[in-house]
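Can you read through this structure? Questions will come right after.
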Amino acid sequence: KRTGFPEVVFCEGKPDAFLPKIFQHLVVADGRALGTRASEHQAGLVREVLPQASYDPVSRILSVAPEVPVSLVGHVAVVCAGTADTPVAEEAARVAEFFGSRVTRHYDVGVAGLHRLLDQMDREDGIRGANCVVAVAGMEGALASVVGGLVSVPVIAVPTSVGYGASFNGMAALLSMLNSCANGVATVNIDNGFGAAYLATQINRLAVGGSAS
Amino acid sequence: KRTGFPEVVFCEGKPDAFLPKIFQHLVVADGRALGTRASEHQAGLVREVLPQASYDPVSRILSVAPEVPVSLVGHVAVVCAGTADTPVAEEAARVAEFFGSRVTRHYDVGVAGLHRLLDQMDREDGIRGANCVVAVAGMEGALASVVGGLVSVPVIAVPTSVGYGASFNGMAALLSMLNSCANGVATVNIDNGFGAAYLATQINRLAVGGSAS
Amino acid sequence: KRTGFPEVVFCEGKPDAFLPKIFQHLVVADGRALGTRASEHQAGLVREVLPQASYDPVSRILSVAPEVPVSLVGHVAVVCAGTADTPVAEEAARVAEFFGSRVTRHYDVGVAGLHRLLDQMDREDGIRGANCVVAVAGMEGALASVVGGLVSVPVIAVPTSVGYGASFNGMAALLSMLNSCANGVATVNIDNGFGAAYLATQINRLAVGGSAS
Amino acid sequence: KRTGFPEVVFCEGKPDAFLPKIFQHLVVADGRALGTRASEHQAGLVREVLPQASYDPVSRILSVAPEVPVSLVGHVAVVCAGTADTPVAEEAARVAEFFGSRVTRHYDVGVAGLHRLLDQMDREDGIRGANCVVAVAGMEGALASVVGGLVSVPVIAVPTSVGYGASFNGMAALLSMLNSCANGVATVNIDNGFGAAYLATQINRLAVGGSAS
Amino acid sequence: KRTGFPEVVFCEGKPDAFLPKIFQHLVVADGRALGTRASEHQAGLVREVLPQASYDPVSRILSVAPEVPVSLVGHVAVVCAGTADTPVAEEAARVAEFFGSRVTRHYDVGVAGLHRLLDQMDREDGIRGANCVVAVAGMEGALASVVGGLVSVPVIAVPTSVGYGASFNGMAALLSMLNSCANGVATVNIDNGFGAAYLATQINRLAVGGSAS
Amino acid sequence: KRTGFPEVVFCEGKPDAFLPKIFQHLVVADGRALGTRASEHQAGLVREVLPQASYDPVSRILSVAPEVPVSLVGHVAVVCAGTADTPVAEEAARVAEFFGSRVTRHYDVGVAGLHRLLDQMDREDGIRGANCVVAVAGMEGALASVVGGLVSVPVIAVPTSVGYGASFNGMAALLSMLNSCANGVATVNIDNGFGAAYLATQINRLAVGGSAS
Amino acid sequence: KRTGFPEVVFCEGKPDAFLPKIFQHLVVADGRALGTRASEHQAGLVREVLPQASYDPVSRILSVAPEVPVSLVGHVAVVCAGTADTPVAEEAARVAEFFGSRVTRHYDVGVAGLHRLLDQMDREDGIRGANCVVAVAGMEGALASVVGGLVSVPVIAVPTSVGYGASFNGMAALLSMLNSCANGVATVNIDNGFGAAYLATQINRLAVGGSAS
Amino acid sequence: KRTGFPEVVFCEGKPDAFLPKIFQHLVVADGRALGTRASEHQAGLVREVLPQASYDPVSRILSVAPEVPVSLVGHVAVVCAGTADTPVAEEAARVAEFFGSRVTRHYDVGVAGLHRLLDQMDREDGIRGANCVVAVAGMEGALASVVGGLVSVPVIAVPTSVGYGASFNGMAALLSMLNSCANGVATVNIDNGFGAAYLATQINRLAVGGSAS
């Protein structure tokens, strides 16, 4: 809380015995809780002690919402290339919302069909209005460069492990994003939707006039 | 000649003593000659025996044109992302012309400024009219995917070694192109403008109704 | 359809709930449908709603043929090195046929037994008559270079993940193909039979005198 | 200018004939100009036509300042690990200032001497007060994680090619930064001080209440 | 025994038929036995013949303690970054104790929360008092550098495979540790808690005045 | 001599002061001497003290022949793909002759022109008659597999650093050779003509009925 | 048979329906058959049709011995570093015997206990008497270099995938063997006991005075 | 000095203007100074201001000895594989002596000639008597494992960049050492003789009964 961000649980690999306790502890302290990379099985364990917990199998996010919903501020746009990138994009979107950012989603707008992306730019609540864009893509990750060329706010690029063969589990997209020819693109780890949401929220908070934390 | 393609000399690393002889031999046999990756120094050596040889320091192509110019057929579009990719693009363009393809050049149309690329699509002699597109790009190589999404003819992608750091001398662009989310993109070796021109000419010849060779 | 190619479904990883719907939708719209990388399980799901769907466990292709068969044009030769490469070769062959190309198959003609490959060159419907060759090989991928040296039409090289140890899941074959000493070889992603078929069809269509799309 | 950022010239590899013209063109249009990765030799060429140009051999920045200095806003902290990282840090600092950000420098504060870094946190104009931190480090790049743990604003991590052996020209630092255990760290390409400055300025502008561009 | 170290069994992959016999053999010869990387299943097999064997599922250590406990000498500090690194840290700690070193544990003191690490330095039985420090960390492995900068005894760095994406199964941490900017840091293989314990014990024994073996 | 092989000097990097002495020492002891990877400059130094030394700039071999020529036995065939591979092939050939093997050379028989290779198989002193074949190739290294499929004696494959881009200084050829689909192929280090000659001689000696040494 | 070697079946991945037929076919043609990398399950399938087939779960070799045992000639020594390397060593040994070579086994003689290896050198039927040595090792693969320094016959080095972490599935051993400082060492693919046996037999046959095939 | 170690200057890349000042500063403060990786040119610059400075071109160490020689304690053995590894070994030896350790040198004892290494074990001032061994090797780096198996004190392994081709500038030796099958081996960065000397001195000091610093 010192950082101004509620703690988020990284569920993957956490022993069965601990996870429900961690969630209970957070809910008692904070009135809410959120875990990333949770399995269906882990969701079941937590729901035994916290029946109000909800689980989204796409993003693998397991959460207990606060009783009074947090009001969302500013604007973070989450953009992703293919439907297979949705889990990571949705992790980013839900975490950013948990952190209090207003999020717009622009999914399946990969560069092989450029018009779909361009359609999302200037419409109401379009990408152009965001304080920060999270660009999620696997395979060759070209989306980050194209988006970076279209907007003038920071783009947080998230390579995903979507692809096969020479995608080398996301390395192709990662290298692509690190070498983006567009200005204003920074990169986080492969599949790290959480990390992108954290940064996007820091930037969004600065933009709406508060502090980053 | 059996292949229907005049021989092209790979000049890099050829000993000084041999290069002029190879060129003389080709000019005698064929009335013309072309070498790739030639240095200024090698150009000088060849011009001592073949004063009509011309050298282009950008593409590093050293050539002796035939007395009666070859007529160029069909349409190959050579597209490149940044000015630093010009040497490879120009190698591709000149080799394709040497092989008898009509070439249009569309340079410095990287995806960070999408409008420049879109402007080149449907204008007179635009990219859209080509039988084959050669897409040349370094850094993250996103150009190949974007072009691949815009045209329905084969795209021969040429990654270049332009970039620094995590471009790893063209590997980022290479992996990017191999993982292109657009259909109809095949890749050749890093900086291999020659190889792309060879393939583009084979395709262009098939399209204009002759055989590939 | 704008591209002149029917849509192809990438089945791997698609949720059970969506796949049958996607197939139904395509069959309604187009009278036929084809999916790559489908599992036996997915085939079952689709056959519940489309009993006429047929599944090939080797190529993992799941398809609904049109009532009136499409007539096949031109000539694409699909060549593969070992029997273990057959799944990828067969994916290429079936996709190319779905796209309307006439295909000849030349399987298990790896370079360790050169005569088998040479036998396939000039026989009736041999490799030599093709407008485009798809060369599929794992391990060291030498087939692409040898075929590239024998034909003068474009060779689309498909590295496969067949092999072990230092084949690094297809990387040895991929690098081999990118560095081919034969002219007229371009490469697609590891195991990407689909992508090769797409390109081969574009080239084949240009050669038979239509447009690529 | 459309982006709200003056154009910056990437000097490395630019032909001698072009560079002075590019600078003259920018000075005429904009009253000022800045180039990164310029050599001593290139500085000489530009100074022949623009004697007021100044060159910093450490950051390799070549610039023509505007007659009326731009007033600097907000606060970007540039932090670097060792003296060998200074060139990249100074590229970041000078570019950020050229873009109008107020910059504080905190150099040679690598994690092997933690107290030097801690001393820079809360002093006047210390790291803690920044809207964005640029963390520059080679070798193992641990500085980004430690700084990321100490501040709650975005950290833009810049791996440098400083090191030898298993640093693999900056790859060790790059991987380290991508895997940072601290929240709020995003990474740009190896040695890309320019890119970090661009992002830091976008964030700093948002924080001081303007738009990012 | 020639080396002054009891033999330790590497259980992973040992056939079911052999493991109990190896343990029985060691217990007969030496009055005790210890195996690393044992599975729950293997523990069961061994306990059928040696019911006194105890198994720790976290460190995966399976051991038969001597009847008269060995007295522990000197001081080895085992430090780890995150809770996910505990298995490797605990392997190191238990092996070092089996070899006769007195061990203090300092877990979950990753550099994103520097105060937790600093708290462990000078307290009673703190890190500062050790003859050798074993520093265990995954992700970016920055802990080794920070600890190396704080202590003046040898630091044995153990990268772990904890992390995802660009951690490449521990390679990021490994490279980080090999490039540590702090003096007095040497590295062992990824997840090799055993190897670190061996070295730490050699050093600890030399420090307490005996021979290393 | 214990090994039955005269010592061979690895000249690269040897200090100027030492090299002539080493050669003198060997000539005194053995009546002859041979060095690999010698520079023109080093040849000059050695010829100052041993004027009879001869230097071959292609293979970079510097040698002092014995007064009475060694009679050569058996048959080692050295095969190479392109003219650029000649230096490595010639290093292998000359070293094998120095070790007493009769060598036949079959150069520039890369697989892109299969007939040239096949022509060399069964002619007088053709490849087929050898006790061991040394196959030297850069780029994609396919020669080793094709030769391996044609002969039934051991093939020692030597990848060379010839190529560019994704040849990664010989790694593509190296991986290719390690994954050869032909039986009876073993690989030595990139550009290691010497090592191949050593092995080929061991095998050749065994075949002619002596011992390997 | 043209090669003088009976065909060997690579069982891994062969479909259930085919394997028994392949074995039956070979037994009919040749009176015997051998398959590598066979699973327990595959052994069962083959034994249904060929009850005399025997399966060795360690080497995963499935074989039908000829009625009259083949007499074994010459001497191939198979050496391995650790017990975990036994499967690969045993694959090499059994295949070499199937090919008619007399084999001696020297297992678990890794360089960490040098005396065990030295003990095996000159004893009766020791390593020193072999015509060819197959050296099998994982982890750091140092065995090949040490053996190479001790014998003067060819050493065929087989890296294994034994190890963890930075062994990268055999790559550490592979690189180690390719860079061996001992003369007379050539390398085959990771875990390729079969390939080593093939080469060793070729060499052994040449040494006993026959042809390699 | 807080660490008990005199500061050592890393000369490589230090600007000409700074180096003499740094040396002067250290000599004034400490009566002595030592720099690693110094060039001949840098030695000249320093000797202009400190004529008593001595330079060793092999190890590239530039030093000013104290007037009263430091007395050397304990025993560190520095072992190296080939003469080409001498620069790194000698850097380690001289730095260890500068830090006050008594050093014995055992050079050119690579594993291809095992007897040379074994000869150095138990002779007077042999390797066996050391408190710590520094093992320096390039190529396949097997020396570290063999030495690790022979001694029971810590071995600090230093991979060197000696080698070519698949040594990948020291990576083969590095991976080899990290995967050592011998116990008690830890690794430092490629060519980091300095780092090994630092650790060896810490261990040596602990062994002679003082503190590590």
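First chain written, first letter: the chains are A, B, C, D, E, F, G and H, and each begins at residue 1.
The rule is simple: contacts are C-beta pairs under 8 Å (C-beta built on N, C-alpha and C of every residue); 3 or more make two chains touch, one makes a residue touch a chain.
Note that the structure is a prediction, hence the values are computed from the model and not measured.
Taking the definition of touch as given, a chain qualifies here only if it contacts chain D and chain H alike; those chains are E. The minimal number of chain-to-chain contact steps leading from chain C to chain F is 1. Which listed pair repeats B-D comes down to matching contact pairs by residue number; over half match for D-H among D-H, C-F or E-H.
Set against the Cα centre of chain H, the chain with the most distant centre is C.
Averaged C-alpha coordinates put the centre of chain F at 36 Å from the centre of chain H.
With each centre defined as the average position of its C-alpha atoms, the distance from chain E to chain F rounds to 48 Å. A separation of 27 Å divides the Cα centre of chain F from that of chain G.
Touching two or more other chains at once are residues 165-167, 171, 174, 178-179, 183, 189 of chain D. Every pair of chains in contact is given here: A-B, A-C, A-D, A-E, B-C, B-D, B-F, C-F, C-G, D-E, D-H, E-G, E-H, F-G, F-H, G-H. The part of chain E that touches chain D in the complex is made up of residues 81-82, 110-114, 139-142, 145-146, 148-150, 163, 165-168, 171-173, 175-183. Touching chain E in their complex are the following residues of chain A: 12-13, 159, 161, 169-171, 174, 189-192. Residues 3-5, 131, 152-154, 156, 174, 178-179, 183-189, 195-196, 198-199, 202-203, 206-207, 209, 211-213 of chain C are the ones that touch chain B when the two sit in their complex.
Residues 84, 164-167 of chain A are the ones that touch chain C when the two sit in their complex.
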